[in-house]
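The chains carry the letters A, B and C, assigned in the order they are written, with residues numbered from 1 in each.
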Amino acid sequence: MLRDAALVAAKDLRIEARSRVAVNQVAPFAVLVLVLFAFALDPDRGVLVRASAGLFWLAVAFCALLAVQRAFAVEAADGGRDGLRLSGLDPGGIFLGKAAGVAVELLALEVLLVGGVAVLYQADLRGWGVLVLTCVLATAGLATAGCLYGVLSAGTRVRETLLPMLFVPVAAPVVLSATRAWEGALAGVASESWPWLRLLGVFAVVYAAVGTVVFGLLLEDA
Amino acid sequence: MTPALRLSRAVVLLGRFPALAGADLHVERGELVHLMGPNGAGKTTLLRTCAGLHNVADGEVEVLGIDLRRTAGRRVVRRRVGLLGPNGFLYDDLTVAENVRFALKAAAVDDATTKADGALRRLGLAGRLRDVTVAKLSTGQRRRAALAAVVARRPELWLLDEPHAGLDADGCQLVDELIYEAVTAGATVVFASHEAGASSPFAARTRQVVVAGGEVKQGAAVRA
Amino acid sequence: MTGAKRTLGVVAFAGLALTMLLGARLPETEEQLAYSRLIAVHPPIAWVAYVAFGVTALASLLYLFPATRHRRWDRIAAASAEVGVLFTALMLVTGSIWGKPTWGVWWVWDARLTVSALMLALLLGYGALRRVTPDPDRRAMLSAVTALGAVVVVPVNHFAVTWWRTLHQGRSLADLSPSRNLDGQYVAVMLLGFVVMTLVYVWLVWQRVLVEKAEDERGEGELAVAIEERRREGVTVA
């Protein structure tokens, strides 16, 4: 199963390297989102700085949606899930591979967004250990939950609108926890972040487990 | 030896529509079968069902001795069968070579790279086209790439949906050669094609089966 | 069976009317004035909303395990989710109305209210998924998995939002519950409300399950017809 996961992840990342969708489309979109937030919340009143953690994670959540959409659109180019089923790959491995691919893309985007938040919002970034750990755990959660709902909606005709509807309520606690964890670190009180990090970890583990077990069932049935 | 295909009053639903409405078909190993019939007859669904892609709503479907009514059976069959679909199950952003290699590695075939190269050479894709992304290929070239992926895997059962479609005269001849080679080597080949003369180089060996209205109208059983 | 269902329906709705009547006749409290009467309906509605969610989750789990897989669990899960949408929405509305005079605003980011809003979103997503999946078996499978995903998220939501709100000691639904010196009659009406709402829930779900069952059976009848028509397509050939 892990071998298949590595194969799928490598394939997805190679496709990304070739087509550069994340680089050419999602990354600029992410930065634009940060800019839009600045328009909506007047930068002069210090609101942006105080809200930077939250705005960062909001932007990440939007990027996660796009990354998952793309991950399954790639397969849908011909016959939806048929290609994956015919390949003979282990379904649990496909799930982990897809989630890993999405996670890697998200982490790269987060690096960009961190820069964006530091520069555009003049956020003072501290407590890097917690910041990075939060990114890792939250990304794992978003990627695994995203791929689970991604394959669910990939089979329907209304894929583009159904995925957000299913994914957003599930991503909400991740955004909440990640923001609070970041705020703990930024305020210099890293100990406050621990409960949030634990919650993020639980979320990621549970969704990874559920997804691995259930992905096979979801791929079946034409 | 168990027959390659055995369908008995098979019913396959696509949503609510009965694409196969009680199809019977018996194919022995090593046979060469040509599915004919009007558009919408159910030929594609028949091939896809035998590849393990569809649930069997009613009746029996056995491929290479494996019961396809169970999910586990369908999963096993997919690895042992080579299906050529209308679009070829290729990734647009990968090159021809990468696509074929991926298909082989996914199917856990040893020596993936060597076998991929061999198949590409056979299909005339070993030159410049080897490293072109699939999105840039013409229809005929895509067909060849898709065929390469099937050929490289050397499955026991070949299910080809319109293999000649979009190919030039050379390509069609190549397809015929490949089919003939496969059958000679002991594989079973079932292909759907509108061209009545598609099987002419080996018409004597080919069994014609007519599919219409979700059923097999003629040629369901092996010739005595 | 229909007799039992009808009796249940009569009892449930009569009880509902009674509860409303008794609730309306409860005296006003000093702080909450007329709105305190909502104690007759809001906590019971909230309780049923949680029950509905739980039933959907449990029925979905039962459907997913091969040993207990049966279409009836899918029907129950779907029916409970639909009724759950109604009750969750009502819960939010009654909670909001109840809180307005005390809080001065229509909404506060209270832990329970927020988690309930998220639950409503999850239930709506479940419903949307069901509507776009025509094949009954696939629909049952997808719904069951979605319900499972939702069940996993609810405790996470609960912890996250509760911790979040305790950081901010804001106003909450807890402000409304008159815990101390609670007059016996309030409690009595509220308890009646619990019982009555549960009965209403059961009746609604029962109705919905029967409708689903009838639709399923009609679908199967149509299949035989469809197969015949399909075969007739091929008659002119050969």
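Definition applied: contacts are C-beta pairs under 8 Å (C-beta built on N, C-alpha and C of every residue); 3 or more make two chains touch, one makes a residue touch a chain.
No experiment lies behind these values; they were computed from the predicted model shown.
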| item | value |
| --- | --- |
| Remotest chain, chain A as reference, centres from CA atoms | B |
| Central chain (by mean CA position) | A |
| Approximate Å spacing (C-alpha centroids) for the pair chain B, chain C | 49 |
| Gap in Å, rounded to a whole number, between the CA centres of chain B and chain A | 38 |
| Whole-Å gap separating chain A and chain C, where each centre is the average of the chain's CA atoms | 30 |
| In chain B, residues with contacts to at least two other chains | 55 |
| Junction residues of chain A - those touching two or more other chains | 220-221 |
| Shared-contact residues (touching 2 or more other chains) in chain C | 135, 137 |
| Parts of chain C lying in touch with chain A, wherever the complex brings them together | 64, 118, 121-122, 124-125, 128-129, 132-133, 135, 137-138, 141-142, 145-146, 148-150, 152-153, 156-157, 159-161, 163-164, 167 |
| Interface residues, chain A side, partner chain B - complex | 4, 7, 11, 14-15, 18-19, 74, 77-79, 82-83, 85-89, 220-222 |
| Footprint of chain C on chain B - complex, ascending | 11, 13, 15-19, 21-22, 37-38, 40-41, 55, 210-215, 217-218 |
| Residues of chain A that touch chain C when the two form their complex | 145, 148-149, 152-153, 155-158, 162, 165-166, 168-170, 172-173, 176-177, 180, 195-196, 199, 202-203, 206-207, 210, 214, 217-218, 220-221 |
| In the complex, chain B residues that touch chain A | 14, 48, 51-55, 71, 74, 78-79, 83, 85, 87-94, 98, 102-103, 105-108, 133 |
